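What follows is a set of structures for review.
Each of the next two complexes has chain A plus one more chain, namely chain B in the first and chain C in the second.
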Partner chain A sequence: MSHPSLMSPGVQEFVLAFADDEHFVGSHLAWWIGVAPFLEEDLSLCSIAQDELGHAIALYELLTDDVDQFALRRDAAEYRSCSFAEVAMPKWEDTLVRHWLYDIAEDIRWNALVDSTADGVPAVAQRALSEERFHRTHSTLLLQRSLTGSSDAKDRLVSAMELLLPQSMTMWSPVAGEAEAVATGVTAMTSAKAADMYVDAVRADLGSWNVSLSWEPQTAPEGDRLDRVDGFGEFQASLNLVLDLDPNAEW
Partner chain B sequence: MTPSHTYEVFLKADGKSEFRHVGALGAADNEMALMLARECYCRRGEGEQIWVVRRDDIAIADSAVTEPNRHKGHRQNDGKLVAEHRRQLREGS
Partner chain C sequence: MRTWTDLDDFQDFLDAGGMVEADDDMPEEYRSEVFRFIEFHANSELMGGLTERDWIPHAPGLRLKQIFLAKTQDEIGHAHLLYMVAADMAVKTRDEMIDDLLAGKSRFHNVFHYRAETWADQIAIAFLVDAAAFASQRAVFAKCTYGPYKRILRRIVGEEGFHMRHGEEMLLKMASGSQVQRDLFQAALERWWWPAVQLFGPDSPPDDPLLKWYVKSERNEVLRHAYVQKYVPLLHGYGFTVPDDGLHQDAESGEWIMSKIDWAPLKATLSNSGPDSERRLANAVRNHAESAWFRESIGVSA
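Moving on, here comes the complex of A and B:
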């Protein structure tokens, strides 16, 4: 990392994990411009994607002076994103379910950083939370309406939930630096505690929609953030497509 | 999803400015329409307040109603007619 950050390596890794999650979820959401089910959703989802990318940039700026290089061109092993954020979801129902689940988790994660002892983090958290409540509104309204549509729509969404809920627990896979981040007050809670809050919030939404499905939450897998999902190389290459046209260009 | 309705979207920029029509969108209900209006028409802070109105709820008058009033120049109150009349009197024409 090129930034003379005052954060210790462990705390940097903790912040990096969130930044990388934001980066990849934002990038995957932006893919839907022009191909979402209706025009209003093209714009809405990409507006939200821009917010998520903005959050990633704000966190990366706490870690480095060269955000583009850092965000886009690291070696795969240097990323700390979870598999739930990395995986491509070309089915609309999967994207909608990830949007819902990720924003529930984001709300918990940002709230845990509001009183962070790390320089710059509380301001980023406050700003992100002011936007996140609209992301939550967007995902829950859209999901709620979609669930009350045709039986086919509901079946597809419930199937997507059953598929993605277990994988979503990778959001709570801790990095090695988490213990230090908790001990020094960088974050207000462990990922295990946050995971409990997440499960409760998800169950509350499911209950309010009268959706019953089989889901027994498992403990977040250790080491998920050290591995990249299949297809990560192609995805990262797609993010670098324009940069690679002329790596020396000044933008 | 439930059937879509067409909504007209209005934004009020700030202060004493009036609400202005900015476009339309499709949404299932009022709540969705407001949320989509925020993301589609207000993502760069173009408005301070948003109105959405279902197009079906708008009462419409066609051009037959307004046409006669387009030919009542005497109702123009910008003074041009009076000024022209006085100019002609001055010049004795």
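Moving on, here comes the complex of A and C:
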């Protein structure tokens, strides 16, 4: 892979972690096209999926000249995504809850990059934040309406929250390059500080919806971004199904 | 609200270039036929989106994934608009239309009863099927006497034209690419050529009410003939073989003459017995059922 930027390897790893998260969350959201619960939601979620993929592309472009090769064809060990972004969620309640949690985290992560010292990062962050406002509104309004709409929906969504909240902390699992990214002003905060903000924001939403959970946030697990979830090989093979037919072809 | 004394009076209105609006007291025959036509169009856009979605996860690039997402989003968006136009005709609600579609009680285009087997099928759909749909829809847009449908078609035709051009760009990559890519598209062409030609339907009956009422502006066979004249040379030019052993060019007129069309595959799709009808509908029914709890909780239609 080529690296057109002058970023150090540590800073590249920090940017890569965010790019890979965006890539996989965007790809998982894209799965819902045509099968979201209703037509308007199909259109909304599809736009959000395109936005997330666009964020991934914009970040990958800071790291490489060949986005597709880099995004799709690295060895599994070279990805820096968190397990929360990697895992497939074919149940709507899980997808909606991840959408809510991931976008809270995205808002914090992008805001920490708006004054980044890394070339190109502030512009990407500004653009992403303008889109994330819609994403946050979308997920919170849907959750709010559904949680109060029926007891069945509330049971499903609360179960999904209890399942996913602990795993969501993997978004704050730092990469080795984070210390350098913080020290050089590439990002305005550590993952640990961002995780605190995240927990506060999640609790504020839960409080506004009168949802009480038995969630006790744990520190983000070390090394999560160095491991891949079960099924990642299958997922990556699926992403590469066409490229594998002729890896040298231009599609 | 406008009214007409009888069908002859209504026909005079249409012959003079009149445009019918949703709140007009239109003859029930017109309401029923136009509704059925729009419902069929809406169903086809929705099921077309489901046909295309199968290969989006495997798109060979992130920008391509965005592009095909946007394209499929357009198709779902067309369905959304068309269901609203149809629902305003007060024959069925959107929920009833979708329930009927999933129950196999209403129809959708023949091509969406087929499965996209490879990535090249995705391109064949964009190049061949979208082009056929574009030609068909443009012919409806040309004179359409039902105002709400005509206004929606302006947008749909515009977007389908873009899809068609994108299909051509994608095909160009396959045609100028590796042998693997050329073979892949040739195989897809063999699967999609006849369904695309059949999309126009059998020859229009002499008394087709949709022609009489200027909903359609052109006969099926005329549109089909024009399509063949355009797409056979294009495909030949890209180095592909049209899967029709009897296809030849008339020495005098220069027109491309096809073999006699076997309409049995089209008829099979009309009863949801196409090659992929069962899987397509079963998946749609399952997905619809699995998210019913969410729709109910927020009080929305499907």
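Operating definition for what follows: the second predicted complex is superposed on the first by the 249 of 251 C-alpha atoms of A that agree within 3 Å, B and C clash if a C-alpha of one lies under 4 Å from a C-alpha of the other, contacts with A are read in each partner's own complex, and residues count from 1 in each chain.
Here is the rule we go by: contacts are C-beta pairs under 8 Å (C-beta built on N, C-alpha and C of every residue); 3 or more make two chains touch, one makes a residue touch a chain.
On a predicted model such as this, the values are computed, not experimentally measured, just so you know.
With the C-alpha superposition on chain A as described, chain C and chain B clash in the combined arrangement. Legend: residue contacts after superposition of the two complexes on their common chain; A:G10 is shown touching neither chain B nor chain C.
By the touch criterion stated above, A:R156 is placed in contact with chain C alone, chain B being left untouched.
Looking at the superposed arrangement, the partner reaching more residues of chain A, out of chain B and chain C, is C.
Once the two complexes are overlaid on the shared chain, A:E40 sits against chain B and chain C alike.
When the shared chain is aligned, chain C comes close enough to touch A:V67, but chain B does not. In the superposed pair of complexes, A:F134 makes contact with chain B only, with no contact to chain C. By the document's definition of touching, of the two partners only chain C reaches A:W31; chain B does not.
In the superposed pair of complexes, A:I48 makes contact with chain B only, with no contact to chain C.
In the superposition on chain A, no contact is made by A:P122 with either chain B or chain C. Touched by chain B in one complex and by chain C in the other are residues 38-40, 43, 47, 50, 142, 145-146, 149, 153 of chain A. Within the complex formed with chain B, the residues of chain A that make contact are 38-41, 43-44, 47-48, 50, 134, 137-138, 141-142, 145-146, 148-149, 153. The residues of chain B lying in touch with chain A in their complex are 1-2, 4, 25-29, 31-32, 35-36, 38-40, 43.
Residues 46, 49-50, 52-53, 55-66, 69-70, 72-73, 76-77, 79-80, 83, 119, 173, 177-178, 180-181, 184, 283-284, 287, 290-291, 293-302 of chain C are the ones that touch chain A when the two sit in their complex. The touching residues of chain A, counted against chain C in their complex, run 23, 27, 30-31, 33-40, 42-43, 46-47, 49-50, 53-54, 56-57, 60, 67-68, 71-72, 91-93, 96, 142, 145-146, 149-150, 152-153, 156, 238-243, 245-246, 248-251.
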